[in-house]
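All remarks here apply to the structure that follows.
Going by the order they are written in, the chains are A, B, C and D; count residues from 1 in each one.
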Amino acid sequence: MTSKTIRDPIHGDIKLEGLFLDLIETPEIQRLYNIKQLGFAHLVFPGAHHTRLEHSLGSYHMAFQTAERLNLNREEKNLIECAAILHDIGHGPFSHTLESILRNTFNVDHVDLTEKLILGDYSIYDSKEKKFMASSCVDEILDKHGINKREIVDIIRGKTHKKPYLSQLLNSTIDVDQLDYLVRDSYYTGVAYGMIDIERFLQTLTVNENNLAVRRKGVSVVENILMARALMYSSVYFHKTVRIAELMLSKTIELIENVEPFEYFRMTDAELINDLKTMNSFQHEIATRLKYRNLFKQAYSVSESNLDERGIEAIRKLDDFKLRREKEIEFEEALNIPKGHVIIDIPKNELHQAEPRIDKTDIKILDENEIKPFDSYTPIGGAIKSRVIPDWIVMIVTDEKYRDIVSEKADKILFK
Amino acid sequence: MTSKTIRDPIHGDIKLEGLFLDLIETPEIQRLYNIKQLGFAHLVFPGAHHTRLEHSLGSYHMAFQTAERLNLNREEKNLIECAAILHDIGHGPFSHTLESILRNTFNVDHVDLTEKLILGDYSIYDSKEKKFMASSCVDEILDKHGINKREIVDIIRGKTHKKPYLSQLLNSTIDVDQLDYLVRDSYYTGVAYGMIDIERFLQTLTVNENNLAVRRKGVSVVENILMARALMYSSVYFHKTVRIAELMLSKTIELIENVEPFEYFRMTDAELINDLKTMNSFQHEIATRLKYRNLFKQAYSVSESNLDERGIEAIRKLDDFKLRREKEIEFEEALNIPKGHVIIDIPKNELHQAEPRIDKTDIKILDENEIKPFDSYTPIGGAIKSRVIPDWIVMIVTDEKYRDIVSEKADKILFK
Amino acid sequence: MTSKTIRDPIHGDIKLEGLFLDLIETPEIQRLYNIKQLGFAHLVFPGAHHTRLEHSLGSYHMAFQTAERLNLNREEKNLIECAAILHDIGHGPFSHTLESILRNTFNVDHVDLTEKLILGDYSIYDSKEKKFMASSCVDEILDKHGINKREIVDIIRGKTHKKPYLSQLLNSTIDVDQLDYLVRDSYYTGVAYGMIDIERFLQTLTVNENNLAVRRKGVSVVENILMARALMYSSVYFHKTVRIAELMLSKTIELIENVEPFEYFRMTDAELINDLKTMNSFQHEIATRLKYRNLFKQAYSVSESNLDERGIEAIRKLDDFKLRREKEIEFEEALNIPKGHVIIDIPKNELHQAEPRIDKTDIKILDENEIKPFDSYTPIGGAIKSRVIPDWIVMIVTDEKYRDIVSEKADKILFK
Amino acid sequence: MTSKTIRDPIHGDIKLEGLFLDLIETPEIQRLYNIKQLGFAHLVFPGAHHTRLEHSLGSYHMAFQTAERLNLNREEKNLIECAAILHDIGHGPFSHTLESILRNTFNVDHVDLTEKLILGDYSIYDSKEKKFMASSCVDEILDKHGINKREIVDIIRGKTHKKPYLSQLLNSTIDVDQLDYLVRDSYYTGVAYGMIDIERFLQTLTVNENNLAVRRKGVSVVENILMARALMYSSVYFHKTVRIAELMLSKTIELIENVEPFEYFRMTDAELINDLKTMNSFQHEIATRLKYRNLFKQAYSVSESNLDERGIEAIRKLDDFKLRREKEIEFEEALNIPKGHVIIDIPKNELHQAEPRIDKTDIKILDENEIKPFDSYTPIGGAIKSRVIPDWIVMIVTDEKYRDIVSEKADKILFK
């Protein structure tokens, strides 16, 4: 069988053949090299330009290695390895950056596009591209190799499968997606917190009554992975400056009328920025500022522990998307600030919708043939769950020139 | 003094203050995070998305460390550190990819734009961007801090300076630019050949009668660096598939009428690709194919050692840009191939113009107060000079569907 | 000033000059390359042959870097850097292995010998060595350079100093000793848990009212270090097989009559083993078995959570050294096992005597000019404190051939 | 099958089962953890305490991986993997340090002992150890598993085998022994020169007509390995200070009367040093000085290029072991220096006897079904062959107090 070896700085050589060699050449997979894994993280960690393509390859490789260890059969291997390599093909520009706005406004997310692409219900090409390209698309490749597309979608969605461990391999507290991204994001940001011991983890992984479990001697490596994840969230994924750039971009989309969400989802990072440059002044401005890293500044920020009950209640109301925008308009009008130049950030719910794994520690430990919860072995999981990320309940960002005035009036306008 | 610490995966923490903190916030420097360091290398080495920004920071850091070791005074430090951080601001999209075509057609290269930007003779902004941006440009910052702009340009150009070691630190067989890029490119490609011992090298570096020299005990570390460079050229920088993507992009520019070269130089990677998508069919096609990594294929390739004298002579003629294009047209017409779909590559001269360091080994060794040439200590330098890179004297690439016919007719059309 | 650069795989180049160049050549420091950092850990982690010499150099280097960051004056620097490089010179063979037995029997530990050596009250040489050696000893070098020896001893002992931060730099929850050993032990064992971010930690360290503190933004890096330490304890430092080898060696010393403790402390690993080979059968046997890694096996082990109150009480009694030996003799007599071939391990108190830092998390956080406890920022510290290390309250080890019988009778003999 | 996983800092997890699990527990293999891989290199590179045990495990792992890639059958795998894990069991204390003296005096080397141990013709135990140990020895394990012991010896000796590639895997210009030691020695010394790309090398290795060959695309990786080896020789293996310690130890053996060579070969590092301490004054002195790193100093050194023909001839005579000792006695008598305190080093022949691979580059390249010599692809191999290691043709070392007088009189006494 023809095979191809790709050099990955994280996992070394990754070998692809047959079905996977075909998949890697589809436009859906190749498009991913145009989408940065960590959105705007490179504005703070200048090495972090890695893309969803490398991560998809790495997730495939983790699935491959795990499937070998667990001695899965060829059919199971195909399912989990396809699901791993395809699980991100629906990601929009700058990865998670626009998820929240599109979910709030249209109730769709990147997994919906992933599903459509796998089932062949949507095209990754725009109208003009199609005529230049003869490559097979993902759904065609899966059909050619006789792979059940619906099962792959189910695994990606984490739906209960007759073999729950297949779903769990890609959707659980510790899954192959995470094994790859923690190490990869560490490597490219230069923040060593995510450097976990993949080899040791794979050694302790097992299947017990159709569910994934970790052997007793793997408790430490799980503690290590959970802690690594927690530290990466607070230090990288929820870095305030990165968040500001994301808020700026989201606001441009929010203020466009008549968005067709999948149109935006299928764009690349570059195409979105370019599209914004063809629009009105606000979008054009933000696109230019992002190009030259000329960001809004934090004018106000408060942590939950510094608010009283009434204050918390006032903020929780702003979880509602429309009420939040109304509050921003209050700022704009009261302080004479142009439209879109004041952004209120209420991150908590958004984070937990986008990353439901963030504080889960529900791993099953197999200890002399008995299954016990991870938390019965160590208090670390519990501590991680009660660790607060991010450390602000509300933040307001604005152009540097409005910073002082917003800072001064924020309490009054927010809590009046 | 305010300072800022940036985490770099290669050098760890890089600290910036004063002048350099100002420079890092100019649009000229920030634009560099939109320009990939290795053009299309990520199409073969999927980790290689790093940009000229990180490299500029890294070169600054190498200059900083070297200046400390050599005990330069504050004024000298400012000059070499400014030159290091600014030396790439004129780089066009995809770094070196378009250099050859623009040099051939317009006799300008990225250093010309670098010079214009430093001297304030050109603006990095396009007409619309300007109104959104209030940041100071490079020339304003240099003036504000009283830095001699002309001296910086001279150091970047490698012009003989009254203190030749300042020029040599940025333009010599082993310079700070190289110390950074060898290690950085290794790290992001995952190809370990460039992993040199920077610390050991800096320890052996010295200034002798106003010229840079390496102490006797540094011979091995220099052998190591030269070998690393040679291996990176043959394995990464001149990888055939990367070259094919570069040829495709260059051909799109070559076939545009009325190019304004600096217009193109100041674009980002994304802006260039987007610009191509607004053009005629050929440019639009290539931009689409590059987006999805749908590349031309090699139809023909021969090494110098497999050609007789007459053959070599025929190929050397094609060094001339216009004759080469004429030969391509012969292919197009003879084989009924659309315009631009056959590309002839004659890399040698181009490589040596773009990278004059590639086979230089003229390092001075200081041995008990006497200066001797590096080559008198080891035969490795000589061997590297006679090592052939790349290993083809001519290659023809084309669309997969014309591959067989081009392959069959190549000898006849090339050497008739 | 003459200087010397030493290449360390952990910290890169370490530069020594003046006082420190003199110290590094003393017999007290050089002897440390004959003493393994992790006792018998190489029997489980075959890469772990690193010695107290590298660790002493590394601790010096950490002290040097910290002192630079904190801007200490030359006198303070000398004190903390001397204390760091000398803090382990009193370590006996196999580092901590024999500490417990010698402390229990003679109430001395390695810091007592360190003190004697620094003050010049004891000689590192045995009677014959002296005549071959002309090197200056540590106390002579300190006198020559006018260093206050008593202050160094105080810093090493963690005694309250007029400048408490000097003591804290070497004796606190997070000190320079630990910064070195976590990373070093990780590197040589290949267990990545100890890979902490030293650079980021040093950036956030500060002195507040004469006490060490960590700035607010350093909370994550401290979480990371504490977790790294906890995982290294459970995975490496308290690995069961390593513990068995240590118990075997300790038993040989315990069963020698008339031990002169400092005689043993000043031996090297090799000298101790050789000494045992000149003794009676039991000592000779154990020395041979350690040479060929022919270890006792675990016959019995129970965790605290699996014992009732009465059981725990019975075990706690065996904390007393003599009662423990009596219980071992019960086993020997009841089961007809030769002297020394049954060892009862009750690790908890021993661990907390030897490593009082193990579960401390009392770091001061400086948050906008106010000092608050670390635990008010994160629940991770608390969780680490309640994490149980090691996971057995009592273990019995014996020769493979007595394993079954000991296993069978253990409950009865232990708890009768 | 029972299996055991060992964590190696170089290769990650190494899994052993069956035959190899048995072998790893033999006293011959376990003894190797008492023998440092690089003799006295830790006196210069303080991290270099790694032992022959790790290297033997690593060589086994490299053999295992190579055998997988080459698709060898189970019998072939057993042969090459046994040969790899056993190839160093005959190594004497401090590895290569004493080879030269024992070869010169008794015409035996460590491979002779390796052979005896594999065939069961010699015991690794001394007279007293035997009674404490019940472990099976190597020859018994091989018999138990039905392995042909003579074939293993032949592979280790590089004797032509009916399947030459099996011999070549362990004895050729690039073999599994070297793949391990270059990377391992780099890791522990902190000198990065040996960091080769094992994965890439294994991908290009193949068997052609029963001989090992490297595919065309592997030329660069071979260049890299050869260069790495050359640099490790000049920077680490032939470091002058390391050499001085080795000369001191060799001299102690040379001056013992009635040496039984295998008695010495089977000692550990520690046992040899201890043995010297029981002898006469000179041996006792050297053992003490090595313990505290109190080394002789270089008093004289000259490179071949600085000698005329007559001078070179005079030195070449001293290749003869007895003539060299006579010359040393001339120094002792003329300058009134105690016996053994002047050592003349003539390294060249010794090096080439011990390391015949050092300048070999005879690799076969498989290029489109044709075998061509490596040197026809690149001039690097040729350059490495003509690179001079070490850079002195003769060196004289002595006690610091005789350094000046020896330095002054050296030319006269050497060349009179």
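Methods note: a residue touches a chain if its C-beta (ideal position, glycine included) is under 8 Å from a C-beta of that chain, and two chains touch if they have at least 3 such contacts.
These numbers come from a predicted model, not from an experiment.
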Count the smallest number of chain-to-chain hops linking chain B with chain D, moving only between touching chains. 1
Going by the touch criterion at the top, tell me which pair is linked by more C-beta contacts: A-C or A-D. A-C
So what's the Cα centroid distance for chain A and chain B, whole Å? 34
Rounded Å distance between chain A and chain D, as computed from the means of their C-alpha atoms: 52
In whole angstrom, the CA-centroid distance of chain A from chain C equals 43
Return the residues of chain B touching two or more other chains; collapse runs of consecutive numbers into ranges. 7, 12, 191
Residue numbers of chain C touching chain B in their complex, please. 5, 12-13, 199-200, 203
The answer for chain B against chain D in the complex is residues 191-193, 195-197, 220, 223-224, 227, 231, 234-235, 378-380, 382-384, 386-387
In the complex, go through chain D and note every residue touching chain C. 6-10, 12, 25, 27, 30-31, 33-34, 36, 42-43, 45-47, 49-51, 53-54, 57, 128-129, 132-135, 187-191, 268-271, 273-274, 277, 284-285, 288-289, 291-294
